[in-house]
Structure formats: C-alpha cells, structure tokens
Amino acid sequence: MDGNNIGYLFAAFGIIWLMVFIYVFILLRREKSLRREIAALKEGMKKP
Amino acid sequence: MRPRILLGLSTLLILAALFMVFIYVPTDKDTGIIQRIFYFHVPVAWVAFLAFFVTFVAGIVYLVKRNPFWDIVASASAEIGLVFTTLILITGSIWARPVWGVWWTWDARLTSSLVLWLIYLSYFIVRAYVSEEERRARFAAVVGIIGFVDVPIVALAITLTRTQHPSAIIFEGGLAGSMLATLLVSIAAFTALYLLFLAVRIHLGEDEREIKSLKEAMRE
Amino acid sequence: MKSTAESSSVSLAVETSGLGKSFGNHQALRGIDLKVAAGSTLAVFGPNGAGKTTLIKILASIMRPTSGSVLVEGLELRDNAEKIRSKLGLVAHQSYLYANLSAWENLDFYARMYGVEDRGKRIGEVLELVGMTTRRHDRLSTFSRGMQQRVALARALLHKPSILLLDEPETGLDQQALSAMWDIIHRDNCGRTTIFTSHSFERALPVCDDVVILERGRIAYKEQTCNLNLDSLKQKYQECTQAVGK
Amino acid sequence: MKFWPRVMAIAWKDILSELRTKEIISSVLVFAVLVLVIFDFAFDLAPNLMLEIAPGVLWVAFAFAGVLALNRAFIPEKEENCLEGLMACPVGREAIYVGKALGSLFFMLLVEAVILPIFALLFNIAVLQPELIVVTLLATVGFVAVGTIFSALAVNTRARELVLPILFLPIVSPIIISAVKASALALGGTGWGGMTSWLSIILAFDVIFMVVPFLVFPYVIEE
C-alpha cells in the first residue's frame, strides 16, 4: 500500500502549509489595511 | 520585538520538525509512509485544543476584569483554534482515505472534532449577531466557557459510541524513541507557530479597537 | 422644603461619587457626583442621550457602573445589592408587567419576589391607591397605556420602598393623569425619597425640591427649586445644552 | 431560604402565563408530532427495523421541540422589559436562571408526556418503561439547563431564532447521543445494567450544566 500513499502524505502536508500561509496572508492583509485606516484617521484628526 | 523572536523560533522549530518528519524518523512498519501524517495531525490537534483552552481562560478573565484586551485574546485564540480544527478535519480525512478507504467516516475523534468545529463556529456566529461591543464580549466569553467545558463530554459520549481511530499509542509507551522525539519537536514547532499567530492576531484586534475609538473621537 | 444640603447633618438617601458608565467607546456617564437628601425629591433633566436612563438603571442596580460608587442610605450598592433593591421602587419606560397575567397576578408575583408580608392585603391597598381595584382581574393586555402605568406604579410601591425611582413618568400620560400619579405618590408617602427624570419643566418643577441638568453624561447644572422659577430653569437648560454642544 | 420561594414564584408565573395562552405548548406539540410523522414517512421500514431507528426519531423530535420551546422562553421577559424588572428585585440573578429553567422544564416534560404515547402509537412500541422514563427525565434536565442560558443569550442577539439552535445543538450533542443509545437499550429490554455508562454521561452533563450556567448566567443578563 506504500507506493500511492506518499501522495496522500504530501497532500496532507501541502494542505496544512497552504492553509497556514493563507491564514498568514489574510492576517497580514488585514493588518495592512488597518494600519492604513489608522493613519488616515489620524491625518483626518489633525487637519480640522 | 517579541513577534520577531517568535518568528525566528518557530521558523527554526518548523525546519527541525520537517527534517525529522521526512528524513530522520523511520517509516512505520504497519501503516507505512502515511503514518507520517501523524506528526502533523497530532500537533495540529494539540494547538486547536490549546487555543480553545486559552479562549476559555481569557473568557473567565474578561468576565472578572472587564478589560477589553481579554476579549481580544479570547476571540484571537478562538479564530486560530477554528483554523486548526479545520486542519484536523482535513488531515484526518486525508488519513482516512488510504487507511480506511473513505474520505469521511463517523469515527469518534473525527466526529468529536466536527462537533468542536461547530461549537466554535457558533462562537463566531454569536459574535457576528451582537453589535454592542461590551455585550458581545460577555456573550462570547460565556459561549467560550460553556463550549470548552462541553468538549470532554462530547468526546466521551462519541468515543463510547464508536471508534476506529488508531488508539493513542503515545500514551501507552508504544512509540519508539525517535518517533516520540519527532512528535515532540513537531508539537513544539506548532505551539511556537500558534503563539506567533496569537501575538499577530491580538495586535490586529488592538488596531481594530484603536480605529473604533479614533472614529468615536472624530464624531465628538 | 427639604433639600440637597451639602451639610452632613442631613442624612443622605443616595450618594454617588465619580459615577461613570461606558458602552464600548461611548461614555454615557462621566463622573457623576450626586447627593440626594432623605425625603427630598430630585428631578433630573437633560436631552435624549444625556444619560438620564443610564443613571436611573445604575441606581436601581440593574446596570453596573464602569467606575465610581453609589451609596444608598450609607450602604455601598455594589456589595449590598440585594438588600438595597428591597428598598427601591422603580417605574421605568416599560411597565415590567406581563401581558398575559391579570393586574392582581402581576402584583402577586412581584409581591412574592419582594417578599412582601401579608400579600393579599397590601396588593388590595396599592390597587385601591392607584384606583384599579375594579379591574384587578383583567389581563394587562386589555389595559390602556395610562392604566398600565398605574399598575406599574402600584408595582413599584408594593413593598413600601424608601426610595422611588421614576424614569420619565410623564410619557404617555396627560396632565390630569400625571397629577393623579403625583397625588398617589404623595398620598402613599412616608418620608420617601424620590428621584425622577423628566422632559417637561412645567410638569416637573412643581413637584421637586432639587433640579439637576445632565448633558453628555455630566452634571451641567445643579440647583434647589426654591432658588428657581420656570423661566430661569429653561434659560439655564438652553445654556447648558448649547455650551457643551459646541 | 429566600431563594426558593422566589425561584418558585418565577416558575409559577411562567406556568400561569402559559396556561392562559397555551402558545408554547400547543405549537411545540404540533411541531413534535409533525417530526414524528415525517420520519414515519421518510423511513418506510419493516417493523423489526423500527426499533432501531425509533429512539433516534424520538430524540430528534424532542430536541427540535426543545429548541422551539426554549426560543420562546425569554420573549415574555423582553416584551415589557420584564427581565429588567426581575433584575431590580431583591434576588440574586441565579434565582432568575433557576426559575426560568424550572418553568421550561415543566413545559418540556408536559410536551414529552404527550409525545411519548403518540410515538408509541405511530411506531408501535411500548414506551411505558421506567428505564425510558428515567432517561427522558434526566436528559430533559440537561437540555433545559443549557437551553435556558442560551435562550437568554439568543434573545439579546439580532437573529435569536437562528442563534439558539446553532449554539444549542452542538453543545447538547452528548446528551442526544447518550439519550438515543440509552433509549434504544431501554426499548430493547436490556434493563439497567447495559445503560449505566450512558446514564452516567447524561448525569455528568446534567451536573456540569447546572453548575456552569448558574455561575455565568448573571453575566448574560446584566447590562
């Protein structure tokens, strides 16, 4: 049964890291947009 | 600063774990190469459990102290827990396919994980349906507490019903030394990764709060 | 007239210090310091959203303050909530009455909750007081707003509270019904302290000893009624609400 | 000693109000019977297989009926904001929880008492067995203990009809599983011996979910 199973092993392995990277990506993107929003808000507070 | 240290630490541990899982550790004689999923599957499950435990504790601390920070911690940890529970379900199902010949089976631990997943999904549904911040934090804390207390009972009831899950050999001392070492390094790697995620996610939550208070300040 | 004298010789029914309440980032109350002398009547004015209802709810120990403390008859509210609640009577915007139960059943339920002794007799008394004796066995859902308000008042007076809290009692009542209500409150009075919120200077001023104006969660103005007339109060209200509104 | 009279007052008030309108009991009953009938259609089974799926059908009916009943439990308290009136009363907030839970327990048991004979009739099963009755009683206690706190929580969310089942069903899954298994054993005539492990899970659930919600309920209703 060994021969084909390596595919499953790499599928599992790949999916774990894919999901981890997707999650990291989402976190970073959220972080970036929040940063931008904060900067914009602070800018807006200074002017008027 | 600290996220950077965590990032370094988890990178290091992950590289070590990868080396051990794919090169160092010998292939299991009975189940073959697929057994190596175990070195990811178990740490992922451990992280999910740890994450929900942190949500549980943060919920209690929130109810006592009423500091919004603890709600951020609780929801951050629950989110990571949900991501990792999803991973348990996926890796479990990939394991099931070659070993049992099906993608999904109502095996005790898979079923328990599914119920766990549903419980913490409802945690976020409750959060989504309460708009007032303080009330949302309270309700979420209550769901986080009750949900976590429920986990062992769910596991017990489902285990009594059915099980075809590979029995937890680690707890019976049946695991070879090299396998145990690999597992432990992998657990350490995933735990470091969890802490990194938690730090980043808490930071995110704090930013969100800051935006809210800035908006509030602008309105006044 | 008794009044909220600052001197310590007068015993205080309610005393708050630095009372604050925030909902998320919104601060509903900020640093309320209030002294209400036993037996006096205090009227709280303020525009919508000034924190009047929040103040009443905190005093009734329904809501917990974010900061500061409340002393009721010398007892800390946070530590003695259950004891203090039995001294408080509350009439809020809503009647707190169950639509499917009759007036009598509603009052009987609350009498049990407050541990009123000799329930039947006391319920009879308060129903008589609010003039609802003849309809005591009718369901609440068949009552008009004004009648419900009367039963709500009866509910608040059931356990002979020494402090009565009323949140905008004039809403939904005409002048006649309102003066009937104050008449009832005074008739059942035995040195009771009353705190009520109001929108109407004309209706509130004749019945209160002290006046407080809330604006954005702060006390903007505080005065004894004997130093005020209707016009000066209205003027003051304008000043307060506009000054902070800038 | 001040605790129980007030708990009973709250429960009695709910029962009295319900006996007036019969809103909850009637709608829940109709719903539960519908569930039974639909399952009867869906599984057109031979009589010997009936015994195997019947316990599952019974508990699906009970669980859905419970969701429906519990969804209504806090609605009267919201209508004239009566919950606030209760909170202003000189009782601990725990008393409100216990009182509401007892009221709901009464409705649920009443509904179950009617459902069981109908179930017996439709599925041709003898239900009057002490084992089955004990299982039903114990499981319903756990149902209501969890359901009451989630009902109080759900009523303050924007989609209460939706939030309660989503929260409630995963959490009570151990009760449903154990009750189904224990009921199957009871109907199979195994006697008490085989049921102990299931009964002990239900009991453990009951105890835990009487204590935990009791402790956290004040945080759900506070403002």
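Letters A, B, C and D name the chains as they come in the text, with residue numbers starting at 1 for each one.
The criterion applied here is as follows: a contact is a pair of C-beta atoms (placed from the backbone, for glycine too) under 8 Å apart; a residue touches a chain by one contact, two chains touch by 3 or more.
In this text the structure is predicted, and so the values were computed from the model without any measurement.
Enquirer: List the groups of chains still linked by touching once chain B is ignored.
Expert: A | C, D
Enquirer: By mean C-alpha position, what chain is farthest away from chain B?
Expert: Between chain B and every other chain, the largest centroid distance is to C.
Enquirer: When contacts are scored as defined above, which chain pair ends up with more C-beta pairs, B-D or B-C?
Expert: Contact tally favours B-D.
Enquirer: Chain B to chain D: how many Å between their CA centres?
Expert: Distance between chain centres, rounded to whole Å: 31 Å.
Enquirer: Roughly how many whole angstrom separate the Cα centroids of chain B and chain C?
Expert: Those two chain centres are 50 Å apart.
Enquirer: At what distance in angstrom does the C-alpha mean of chain B lie from that of chain A?
Expert: Between these chains, centre-to-centre, one finds 16 Å.
Enquirer: So what's the Cα centroid distance for chain A and chain D, whole Å?
Expert: 42
Enquirer: Among the residues of chain D, which ones contact at least 2 other chains?
Expert: 222
Enquirer: Which chains touch which?
Expert: A-B, B-C, B-D, C-D
Enquirer: Please name which positions on chain A make contact with chain B in the complex.
Expert: 1-2, 4-6, 8-9, 11-13, 15-16, 19-20, 23-24, 27, 30-31, 34-35, 37-38, 41-42, 44-45
Enquirer: Within their complex, state which residues of chain D touch chain C.
Expert: Interface residues on the chain D side: 2, 5-6, 9-10, 12-13, 16-17, 20-21, 76, 79-82, 84-92, 222-223.
Enquirer: So in the complex, which bits of chain C are touching chain B?
Expert: For this pair, the touching residues of chain C are 23-26, 66.
Enquirer: Help me check something: in the complex, which residues belonging to chain D touch chain B?
Expert: Touching chain B: residues 146, 149, 153, 156-159, 162-163, 166-167, 169-171, 173-174, 177-178, 181, 197-198, 201, 204-205, 208-209, 212-213, 216, 219-220, 222 of chain D.
Enquirer: Over in the complex, which chain B residues touch chain D? Could you list them?
Expert: That would be residues 63, 115, 118-119, 121-122, 125-126, 129-131, 135, 138-139, 141-143, 145-147, 149-150, 153-154, 156-158, 160-161 of chain B.
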